[in-house]
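The letters A, B, C and D name the chains in turn, as written, and every chain counts its residues from 1.
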Amino acid sequence: LLARHPGIDVVAASASARVGVGLADFYPHLDAYKRLTFVTIEEALSTPVDIVFPSLPHGESMKIFGEFEKAKVVDIAGDFRLSDPALYPNWYGSEHASPSALSGWVYGLTELHRKEVSAAERVANPGCYSAAAILALAPLVASGALRTTGIHVDAKSGISGAGRAGGEDFDFTYSNENTRPYAVVGHKHIPEIEQELGALAGGEVRVSMVPHLVPMTRGIVATCVAELAGRWRTAELIALMRDRYRGEPFVRVLDEDTLPESKRLTGTNLAEVTVRVDERTSKAIAIAAIDNLGKGAAGQAIQNANLMLGFDETTALDISGLIP
Amino acid sequence: LLARHPGIDVVAASASARVGVGLADFYPHLDAYKRLTFVTIEEALSTPVDIVFPSLPHGESMKIFGEFEKAKVVDIAGDFRLSDPALYPNWYGSEHASPSALSGWVYGLTELHRKEVSAAERVANPGCYSAAAILALAPLVASGALRTTGIHVDAKSGISGAGRAGGEDFDFTYSNENTRPYAVVGHKHIPEIEQELGALAGGEVRVSMVPHLVPMTRGIVATCVAELAGRWRTAELIALMRDRYRGEPFVRVLDEDTLPESKRLTGTNLAEVTVRVDERTSKAIAIAAIDNLGKGAAGQAIQNANLMLGFDETTALDISGLIP
Amino acid sequence: LLARHPGIDVVAASASARVGVGLADFYPHLDAYKRLTFVTIEEALSTPVDIVFPSLPHGESMKIFGEFEKAKVVDIAGDFRLSDPALYPNWYGSEHASPSALSGWVYGLTELHRKEVSAAERVANPGCYSAAAILALAPLVASGALRTTGIHVDAKSGISGAGRAGGEDFDFTYSNENTRPYAVVGHKHIPEIEQELGALAGGEVRVSMVPHLVPMTRGIVATCVAELAGRWRTAELIALMRDRYRGEPFVRVLDEDTLPESKRLTGTNLAEVTVRVDERTSKAIAIAAIDNLGKGAAGQAIQNANLMLGFDETTALDISGLIP
Amino acid sequence: LLARHPGIDVVAASASARVGVGLADFYPHLDAYKRLTFVTIEEALSTPVDIVFPSLPHGESMKIFGEFEKAKVVDIAGDFRLSDPALYPNWYGSEHASPSALSGWVYGLTELHRKEVSAAERVANPGCYSAAAILALAPLVASGALRTTGIHVDAKSGISGAGRAGGEDFDFTYSNENTRPYAVVGHKHIPEIEQELGALAGGEVRVSMVPHLVPMTRGIVATCVAELAGRWRTAELIALMRDRYRGEPFVRVLDEDTLPESKRLTGTNLAEVTVRVDERTSKAIAIAAIDNLGKGAAGQAIQNANLMLGFDETTALDISGLIP
């Protein structure tokens, strides 16, 4: 994405396992960066830059960037997503290393926090599942259309969500023709969803979530179910979505005749959202699809960086998706 | 499956679009049936047989088999699954053609109705999603562990669920790398699930279900969520499953360290089930995986036929699955 | 691709089976074209335009565009690829409808005919297999490194090569986990390859080719084998490739430590090529990978159109490919 | 496969990386072997057994089994496939550890060496590519229909050919939607093919081979090209195949209207073979498809074991394949 960005020049790339390897040697499709080799984190951090995109294992960013002052930061990890330091031990298993720094970070789902992101020095990029679930649910929760104490999210992700060096569980031979749930209780993205929806609801929101891996490379479909608060028709709820996302360059609200699908979003920063009412059971079913590496990670990060650096928000993100 | 069955000889096969075509010409892997060509339904029905496995579009079986007397029948379609004729207009869009015949049919999920199936002349094979969802939920509902008015099923199916002549929506190019929900409200398998769980609960059960197609050929994972009735721990709910399915040849109850997956069930008649308690939200998450063409269709049909014809229940179904 | 082209505005789109359907309704990812609905061919042809991209079944273009005068044309079909009208009956099964028009067409593999394409009114876009095979073999044939009477091409294509309405042979359920050869003798792309390589060799070239479908959406890998004419080492043949393709924006010549792969080219107009010498059998193995819908079809068409209309050759084609 | 074998009981299973792990814990589909845990090689070898199936990295079998006397052996590795010890340094990179033992081994492609296998104590199971290529070419080479100095094999394999712990090159995310050649020159299976075809030809045979990985789990399609020796028609060459493989339980010779495909062979021990003549270029194109883990490995091993132990050759191998 950055190779096509007219205003951002990549000056250093770090990957601890590949220090000294040329970017274009390891990734031939990155021949725009033939001049770069992977360097250590220390060397990357000592390079003068305007913005840093750390994507480190949980707990590493909070050590390095808690008191960082040199450049703006969009953190891809989960280290600064939760504003309440008390939540980290429960969900991430240990105390936050820089709790006093948390107040300086903005949760970087642009559609909810555009102003804060634009003014921010520190942005915590959302988790991939969180981005999808929040985009599906935000207009409904903000309008009081849902009972917020029993929201359930069933999420299906492509396998790139597991990272590149995933190990034998993510081998093609074991993954193709396989659908499998994991982290059935207590996935780390849940508290982000509760935090953001809670702010919109003005009160506590309780979410359960079951993520699944399905045999595709990229994409997330989050299918969210909640009891309706009062009587609503599908068209009314879709109208709430349209109102909320009017003018948003990266959210496509779908009407009653179309449902979100992951494939056509591959490579894009788009989200597709829609909702249906099941009158018989008095439930709303809100659905979002994204590319987990697009709106769920790198695309969202660049959208945030564009705002933080004063570029047009859509710079380098004007990609339509591929069909077939 | 039947090619390996020592007691069942296939004497006629009907496919209206392929009358006159050799089975082994169309399907080279069926060279055990080189002597057979596809015939018309009429010709098939006039052949003397012990058992018939109709797999017709909805509404066709009820016309032909409502008053049928010649042979035993395991119907793969949905025409005789609901015992209450009043349900057909709502869920299938039209009145049942033989309502008085419905009482002669048994719902053929063997694990729930083994005795009735063994004595039956007419068995309605379960829907693929229903088989998975019921197997996941039955022990919990029967034990009163769940609140039964708001059960939600999120189901992911391989694309063979859409049938062979699916049309361009099921082309490889449009299906691979794609996850997509469909029939978000009102899928036809819901009333079967409510009927069977309602009988176990001794009262009304309300189910919502969102099915999805994921890019694999076979397999269903049904992830079912319900509020707990009272306090239960995961181990207690798994124990309910173990008790219910003790001795069942085709149900594998998984412990807390393993989750159901679809791939290793491909080609088998097995179901894998387990359950987890989310204490924070007071929910049970019950999960089942099956091969939609195995326990969800043909395997289940042969399991029923074995009982109806007096064979050992596992005949021709002793297949372990392939990994990788 | 055109949605991102700053100089080409799509003013009409025709699809006979979908007349009246909105482009963005049928293809939600094309919401850049919300204003357009599919029209008939007649209506499309009566719209004033600068350039037309027909992609019709074989035989249709030659009827319509043989004497066409209104706009420039890049034909995606095979109707005008062979300059010798005598070849059409053998390879396409019938006489050419406008043989006298053939001399006005340029074979649009830009790397071989950049000057002619730039000046052309009519360009015949190459076949997908031909583009790959010719790019792999051209430098070697032009340099006399190969014996040209027994070249063999083994090609593997993604299933989008079969078109969207492919029918049940291209269903996901039948295509996934399947590799299958087809058209083992006499594929229609062979005479293009012989024509273009023959021109470079200054004499007759004989090619056999076996295409295969492999379970992926896009991409072609063409693995070409020929006897060496004389003794050559791998490095020398790669040097011939480097010399031929120096400065080419869309050909990536790979060194001895890397081999072409299809995935990282998805969505791009790039070709990756390399070659190895098998000294023991005195053979050269030249390999090319492309996206069959990129350099093998739409990308190549836009590359040609850019030249024909005076745009920079790479306009709208500056895409890097996605990994993963 | 062995779980369904009535005459072979698995009494020990060894996997050095998983000593102490239960088979059914690691592979839930193997619950037929709940009583077994993986043991060390030493412990496995000290268990009294009738037959051993070693599947070790190259070079390990030849150290252990060169002078082994206790039980019959079907070796899955390449250590004893080449009868000429002089070939090992060239193709495998080092001298054979037990050259004098080589004469005691039979090359276990049953269709070529049924008698020898039946009498053998030591059988070297063929390489997966070799099994496919030899089955495609043997009838033609034995009949003198081909010029044998320039045979070329283009092979496409599912990714299970790379083994389970393949590393990140075999991750789903990098493998799906990817076709890639490897080992373009000098693959280790070439000398087996030359050895076996040379014996049939009564003279030297020279083979080049390019293997490819395609995005599927199992299956090999080997597309073999050779110049014809004299004039032959397709029907004549197919007749040679039919003659050679008459009565063979695991070879399906396909007529002119059908081509080998990998999918329908998944899980079976079958090979599909056929051939076409390209009259224009005077070439024969012989094609074979197998399951690389069936006829290309485990299935073939059990076929050999059945003969070596006096069972019916097809025991435990009567599986039809799955469609879809």
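Miscellaneous remarks
The definition used in the following text is that a residue touches a chain if its C-beta (ideal position, glycine included) is under 8 Å from a C-beta of that chain, and two chains touch if they have at least 3 such contacts.
Since this is a predicted model, take the numbers as computed values, not measurements.
Shared contact partners of chain A and chain D, listed by label, are B, C. In terms of C-beta pairs in contact, the better-connected of the chain pairs A-C and A-B is A-B.
The chain with its C-alpha centre at the largest distance from the centre of chain C is B. With centres set at the average Cα position, the gap from chain A to chain B is 37 Å. Of all residues in chain C, those that touch two or more other chains are 158, 160, 164, 171, 173-174, 176-177, 215-218, 266, 323-324.
Interface of chain B with chain C (complex): residues 158-160, 164-166, 168, 170-177, 215-217.
Those residues of chain B that touch chain A in the complex are listed here as 150, 152, 154, 156, 158, 171, 173-174, 176-182, 184-186, 206-208, 210, 212, 214-219, 221, 223, 225, 227, 259-263, 266, 276-278, 280-281, 283, 285, 287, 289, 323-324.
By the touch criterion given at the top, residues 3-4, 27-32, 160, 164, 176-177, 217-218, 252, 254, 258, 264-268, 272, 293, 318-324 of chain D touch chain B in their complex.
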